[in-house]
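Lettered A, B, C, D, E, F, G and H in written order, each chain numbered from 1.
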Amino acid sequence: MDNHKLTELLKQVSEGRCSVEDAVTSLQHLPGETMGFACLDHHRQIRTGLPEVVYGENKSCEQIVMIMGQLLKHTGIALATRIDAAKAELVCRELPLLEYYGEARMLVGNPVSSDLGVGRGTILVIAAGTSDIPVAEEARVTAASLGHHVEQLYDVGVAGIHRLLAGYGQLRQAKVLVVVAGMEGALPSVVGGLVDRPVVAVPTSVGYGTGFGGIAALLGMLNSCTPGVAVVNIDNGFGAGCLAATINRI
Amino acid sequence: MDNHKLTELLKQVSEGRCSVEDAVTSLQHLPGETMGFACLDHHRQIRTGLPEVVYGENKSCEQIVMIMGQLLKHTGIALATRIDAAKAELVCRELPLLEYYGEARMLVGNPVSSDLGVGRGTILVIAAGTSDIPVAEEARVTAASLGHHVEQLYDVGVAGIHRLLAGYGQLRQAKVLVVVAGMEGALPSVVGGLVDRPVVAVPTSVGYGTGFGGIAALLGMLNSCTPGVAVVNIDNGFGAGCLAATINRI
Amino acid sequence: MDNHKLTELLKQVSEGRCSVEDAVTSLQHLPGETMGFACLDHHRQIRTGLPEVVYGENKSCEQIVMIMGQLLKHTGIALATRIDAAKAELVCRELPLLEYYGEARMLVGNPVSSDLGVGRGTILVIAAGTSDIPVAEEARVTAASLGHHVEQLYDVGVAGIHRLLAGYGQLRQAKVLVVVAGMEGALPSVVGGLVDRPVVAVPTSVGYGTGFGGIAALLGMLNSCTPGVAVVNIDNGFGAGCLAATINRI
Amino acid sequence: MDNHKLTELLKQVSEGRCSVEDAVTSLQHLPGETMGFACLDHHRQIRTGLPEVVYGENKSCEQIVMIMGQLLKHTGIALATRIDAAKAELVCRELPLLEYYGEARMLVGNPVSSDLGVGRGTILVIAAGTSDIPVAEEARVTAASLGHHVEQLYDVGVAGIHRLLAGYGQLRQAKVLVVVAGMEGALPSVVGGLVDRPVVAVPTSVGYGTGFGGIAALLGMLNSCTPGVAVVNIDNGFGAGCLAATINRI
Amino acid sequence: MDNHKLTELLKQVSEGRCSVEDAVTSLQHLPGETMGFACLDHHRQIRTGLPEVVYGENKSCEQIVMIMGQLLKHTGIALATRIDAAKAELVCRELPLLEYYGEARMLVGNPVSSDLGVGRGTILVIAAGTSDIPVAEEARVTAASLGHHVEQLYDVGVAGIHRLLAGYGQLRQAKVLVVVAGMEGALPSVVGGLVDRPVVAVPTSVGYGTGFGGIAALLGMLNSCTPGVAVVNIDNGFGAGCLAATINRI
Amino acid sequence: MDNHKLTELLKQVSEGRCSVEDAVTSLQHLPGETMGFACLDHHRQIRTGLPEVVYGENKSCEQIVMIMGQLLKHTGIALATRIDAAKAELVCRELPLLEYYGEARMLVGNPVSSDLGVGRGTILVIAAGTSDIPVAEEARVTAASLGHHVEQLYDVGVAGIHRLLAGYGQLRQAKVLVVVAGMEGALPSVVGGLVDRPVVAVPTSVGYGTGFGGIAALLGMLNSCTPGVAVVNIDNGFGAGCLAATINRI
Amino acid sequence: MDNHKLTELLKQVSEGRCSVEDAVTSLQHLPGETMGFACLDHHRQIRTGLPEVVYGENKSCEQIVMIMGQLLKHTGIALATRIDAAKAELVCRELPLLEYYGEARMLVGNPVSSDLGVGRGTILVIAAGTSDIPVAEEARVTAASLGHHVEQLYDVGVAGIHRLLAGYGQLRQAKVLVVVAGMEGALPSVVGGLVDRPVVAVPTSVGYGTGFGGIAALLGMLNSCTPGVAVVNIDNGFGAGCLAATINRI
Amino acid sequence: MDNHKLTELLKQVSEGRCSVEDAVTSLQHLPGETMGFACLDHHRQIRTGLPEVVYGENKSCEQIVMIMGQLLKHTGIALATRIDAAKAELVCRELPLLEYYGEARMLVGNPVSSDLGVGRGTILVIAAGTSDIPVAEEARVTAASLGHHVEQLYDVGVAGIHRLLAGYGQLRQAKVLVVVAGMEGALPSVVGGLVDRPVVAVPTSVGYGTGFGGIAALLGMLNSCTPGVAVVNIDNGFGAGCLAATINRI
């Protein structure tokens, strides 16, 4: 189609049936088509280094099976987030290649092997409280599935600052840090003040009342007195995992 | 440059120095460049039917003179919004071709003549209160400068509904209606219930307290019980004028 | 008790066992107690002209039966709002004196007879759309239960302004008007521009998206370009009924 | 004009030159015009009992002089709000009939005499703190200019509840109460619990931080645990004065 | 009734029983009634070109059957939105003329035939992601039911801009474009920069966290750097379809 | 481990195998580890005087049993909040030492005896309305479980100010006051104006519409015209109880 | 007056001119008056332990001189906040007894001597950054003027957690801690996790963008994962100083 | 001091005057002091790789001169942001070593030479519109001053998508991309879909009305449909520059 159209045009130029000037004009008036076939040849994963992900929240099992089946066939890796245990069981019956991570609520197929040396160093995922762990796990499983070495340090919130300081050595050895916190979201500020590596902050919807479903934590992170903290959307463990992977891949 | 590159490639194809297959591959790997030169040949005004506009709020006289001078040279029409009288006087000294519309706070150069028949019908600009007139005028001058026939109906707010009804005939004859209102922003709902034409609603920042600088009016318009009201940003008379012109040009 | 304490003190003064100066001092140091017994003698309904109401949303049938039973015994009139049909049936089994108004979702016992001439004129309850009727009915039943003559004019929203104008005569004859509207909440502005009587505006949570559960309507009413519109909380038909009754009782 | 058109039509009917059926049809097709002339004969003040007011905030002295001059000529009473002392002096030079009320920041011309017995009883304006007095005065001057008897009770905020209770007698004698408060806006709840008259609550922008320019006070008033409190926009003393006057006129 | 009253009055004028002056006065004092009968003769669909629609969200099957039955009888076309599959099945049993569109969640009866040539050109409905399709379908079915030719271009979000550019030709041929997007709502800006036709932007509630149920998308659209984008309420596919139809009908 | 590491280092110093200078350097480079073991020896309850609490909202019975079992073993006191009756029954079967407080929705194990004289005076918990009682009870049970003498004064909202004044004596005798209120949240202002003791204000989510789940009450408390009111998060009875206990322990 | 009225009534009782029953009735009907004189005898400072303060933001020098002159005469201590240096100089010329604290922007007259032993222990005022110092100083000067011993620990924000830990000893010795922070407001959480004393958190408006003038800090403090942090309004150093003083006075 | 204390303790251990057990205990009870001296030896720049920055907005010239003078002496590099031209001139008179960047509004002293090879690759700073350039420049100057190679690509907003695509090659060659945009903030989504490198998104306050000073752009970026976009605070070019530098340094 588009490919044919271009080939056809170039053949005409090649055979002298179309002047160079006319060909230039034609290409100028068809920018979309020109782009179109070009991009179809580039898979998203090659272009951005990140796979497409299935956001499972409001999708039926049938839809998930269909999309993930196609992803498995075409792109190698297949990821789905926000999948509860019941859905996961049904999907895995159809696609037994998929592995389910319960706390992360994710389905993973064909993960990239960590032996490939995709990443330069360790990604450390830190969670403030136990309720933040599902989001932290989403980040951890995402980065690990993309072939990175990931460690974790959970339940080290600022109300007992000694717990974090006890992990100081682990903090200093990571190449990228993902810090997950709800409530007042202060942990990334403290972590960012202790290390010289990129800190990816993930606010969670953990809390109540004026926590406003994660807004208090988000604002805390955006207004961090520590310069250079990277913030993603509330509960967006997947995005944080992708960002950490992208940084670690440099 | 880009143009040269493409011409060069096509010449090579034309002269047999490059195969059709290789040319296809080259074009596939250079989507940006391909787009680039193509688009540089298309002026924005030709592509979207709308000129670029200078948002004058925080620009100095020098900046405005420089940009509008270039617009006058290259695109025919030149528009600037949010220009106060003092700035206007200074700019017009340098660019005497420009005309200043005080209430609209706009500078206009090389407007499209309304004799060209750009628009199909009349655009009617309605303002709820006298304080809404500057925004209404911005819409009116914008559409008129683009070559449309524009009428106005001001100070017909819903607190005295008879004033609007007195203009019922004028309402029914318009092809597009721009309705400008601050405070509770109810006027578009009433107008939209009386006509079978597109209604473009513009909330203004007129009001105080819980008017929240136009948010009350904006929400009123977005939640109109009259289906199919088009809403633009607060105080965005220019955008409303453009939208009305685009509709009227069909 | 408190009453006894005061009587005892005054007896001591009367019998010369306590000097006037000491009695003054005593009363000065016991402001709470002094107030206390005084107020216990004044029933709320006598003091404010309004009965206590049972907000039924999160109360169990048992709680409602208990409280309304006591209200029936002590204050004459008993009102409960936000009672669904299932709860109402169960409560009425225990307290067969209560009458249930389904659309208003209210239970009423011992309403004040409208023959008593409590109100000076007619209260007119106006609703913009059919979805606003439950809130309008809450206002209507409240005012009627307090002994007022109430009329209704429903489904006269601003998207078809002729419907409201058709009721112009009814509007002009009312002594107080309660106007209930969701979505953009524009109706009170239009009504307020047509009459010389107090307009009580009730925003409802009817709508979706940027209606924000009634905030758009509330802001529309607070920013009405018609001066002197009285606004109550979102969905607060009961409060509007009370306010209208208080005004009409003057 | 419109009047002529209708008269002409009716003359034709009267003289048999137009059938009744045709006249009905004509009137059906001209709703706007029909309404138009009708309403032009009704001054706003006659229709709603309230005069138009000049909102002086962003108007120049020239504009104010022009509008108030016309109001003085045509409607008897002329009111302007949000007029600072400097503007007031300039305006009064041109229109010496106007009187300036400094605390209320209002200009008043041709006020309605309180001897006319417009109102049934006393309107009591209550202010929580001294900073709320300008808004309270705007309400007071508005109602007084419309011919009502108005009393005031200032600086009786809830932080020293005894000050309010000391005015209990004055509270009980008022027919309508306007309660003006900033900060937490709690005063209307307390007042409303003490009287059986309509309470008009006016939130003011007095406060800082989370007062959010009057939003805290507004929310306090809308959520009053005292049923039947009427709320107006932030700092809207004029609207409160109008509402109180409308109620007191019943 | 109203009709009778007017006819009666005109008869009296015709027969000399009422003077022209008295008739003028009568009509001046009865603006509502005058409007009333006039409007009753004008169906909404004739006045505004748009049918009434049944918002099905909180309505019972009985209510929907009753209202749609009447619409089918009186106005020709009958539309209902927000109808889930279960409700649809029950309603269709009673009204077998209705057709159900599952993705759009709409019931349609007596649609306008697209052969009638109601619209001037093609309406193109664009959706950013697959989750936005239900809202896009609501717009598509609405416009199609009103007799317009509608095409669709789905899953062309800005994260893979080449997908949109591949449809450039389709974009350029449409007369009106409806662009539906959730999350950051950036698609209308990009589309608006490529075409010279009216763009109707519909934010959807697709997203999570700081998407705030569509507010992020809405703000993105209102603040579009492309001038003249028309915005409607969140998830308001119906309104967008009506607006597009109104524009295309010009 | 850490403890071992430090002991080992000190032994080396003691035995001359490590110079003092090297030991200083080592400790300087391992701040986290140094802190770590130090803090592990300090229980949170000793460091802050407050026990850890189990927030039960989204935890399963199994999780609650496991955590509380450990708390009972290690820290003496065990507290859990937001436990409904059904969960409580299941947990108590496993841990029969726990006592359930239904209105407070709390589980308590090994409370501190009030005979120990932990507190200096009485903590008075005040609730505005009956719907605020669950939050008030959470505060009361928390403080009582920590060994304090707590009294209560419920249903004394500002709409009937005499009820509060009747308890004036009780107010004056308390050492710390916790004031719990929803809706407009005005009670702490009034209480704070009557006493010379610290007032801890707890906004509750009681209310509807513009109560915004407790925001109106929160803002009322933060903007109290009474200086020195301490505010905690919405519905945070536990935090208020802790704060009151901390103050009373001084 | 009121005092006279009561004395007169009691005299009549004493002299048998009024029966005990009639006196009881009289007192019951005059609750306001009864309270009124009682409270006039109690100075605010005696009732609440806190002086009235002059909020200087929008007051003229004349107003400040007048109010502070009266405070100096009647209540001993006189405080004014939000006074800039220029105002302070003018006021001090008239009232040379006043002392001006520039960083705190306060005027103080007749402070309570710290030798009186008003407080039990030390109040420690902590500031996160140098920009937070003005608010911290307002708290410090307030508490010191009320006779308390106050220490300070400034510039110890969480981005360099070691700075705070270096002051650990000072933290542990304070009886009450006031923690002042802008931006993400995380410092009170960390401090509260290190001490067993009441922590009063003061958000400041320091920051930009999504700091929203202190809202981010406020939310951070309200959602602290450390239980029992007391929060006051944004920039409310005075309120924090009062609260700390009230706690320290117990 | 602290250093002395530790040395002293270790000497005692070394000399047998203090047992190992006692030394362990001592260190456990002095966590703050232990940390304190340790951290004082680590400069912030060494610990986090980022220098302290002077936020110049509300600081006087004297303050800026004093702080930057100290920074120049002690840390090598000295940075100040939000410095207008007037302030800059005065400061540079005192500290002639500083260089002023007008568009970035920054003062820089002792920048790190880009010859040192601090960064691994090129940082590309992209700005959507000309009004976004000051924030983009703040990011650019920050990263460049820290020794990184930085390129720029300005005025490539999404309303003319071809401009961005024309720079496709430059996009693909960057190691880290900083994307600065106001209004709808859509540019990072598009850029992130084209590259496999980390994208740091900076919302700016450019816009008006519902742009809400950058909130619309911020939300657009947080809700990007492109996974893994890092977001910083509104107008926070400095933070973005730091983050990009930290990433590029890995």
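Here is the rule we use: a contact is a pair of C-beta atoms (placed from the backbone, for glycine too) under 8 Å apart; a residue touches a chain by one contact, two chains touch by 3 or more.
Because the structure is predicted, anything quoted here is derived from the model rather than measured.
K.L.:
List every chain that touches both chain A and chain G.
P.N.:
Neighbours common to chain A and chain G are F, H.
K.L.:
Looking at C-alpha means, what's the farthest chain from chain G?
P.N.:
Most remote chain from chain G, centroid-wise, comes out as E.
K.L.:
Rotating chain C so that its CA atoms sit on those of chain F: what angle is that, to a multiple of 5 degrees?
P.N.:
90
K.L.:
Measuring centre to centre with CA averages, how many angstrom lie between chain B and chain H?
P.N.:
Roughly 38 Å, centre to centre.
K.L.:
Could you grab the centroid distance between chain E and chain G? Build each centroid from C-alpha atoms only and quote it in angstrom.
P.N.:
About 58 Å separates the centre of chain E from that of chain G.
K.L.:
Could you grab the centroid distance between chain A and chain C? Build each centroid from C-alpha atoms only and quote it in angstrom.
P.N.:
That gives a centre separation of 54 Å.
K.L.:
What are the residue numbers in chain E that touch two or more other chains?
P.N.:
As it turns out, chain E has residues touching two or more other chains at 31, 35, 37-39, 160, 162, 165, 192-194, 209-211, 215, 218, 222-223, 226, 233.
K.L.:
Which pairs of chains touch each other in this structure?
P.N.:
Pairwise, the chains that meet the contact rule are A-B, A-E, A-F, A-G, A-H, B-C, B-D, B-E, B-H, C-D, C-E, C-F, C-G, D-E, D-F, D-G, E-H, F-G, F-H, G-H.
K.L.:
Spell out the residues on chain E that touch chain C in their complex, using ranges where they run on.
P.N.:
2, 30-33, 35-40, 44, 55, 57-58, 203, 205, 213-215, 218, 233-236
K.L.:
If we count contacts the way the header does, which residues on chain G are in touch with chain A in the complex?
P.N.:
Interface residues on the chain G side: 128-129, 157-161, 165, 183-186, 189-190, 192-194, 207, 209-212, 215-217, 219-226.
K.L.:
Along chain H, where are the residues that touch chain A in the complex?
P.N.:
31, 35, 47-50, 53, 120-121, 162, 165, 175-176, 192-198, 200, 218, 222-223, 226-233, 238-240, 242-243, 245-250
K.L.:
If we count contacts the way the header does, which residues on chain H are in touch with chain F in the complex?
P.N.:
Against chain F, chain H makes touches at 3, 6-7, 10-11, 13-14, 16, 19-20, 23-24, 27-29, 31, 34-35, 37-39, 41.
K.L.:
Which residues of chain H touch chain B in the complex?
P.N.:
131, 160, 162-163, 165-169, 171, 208-211
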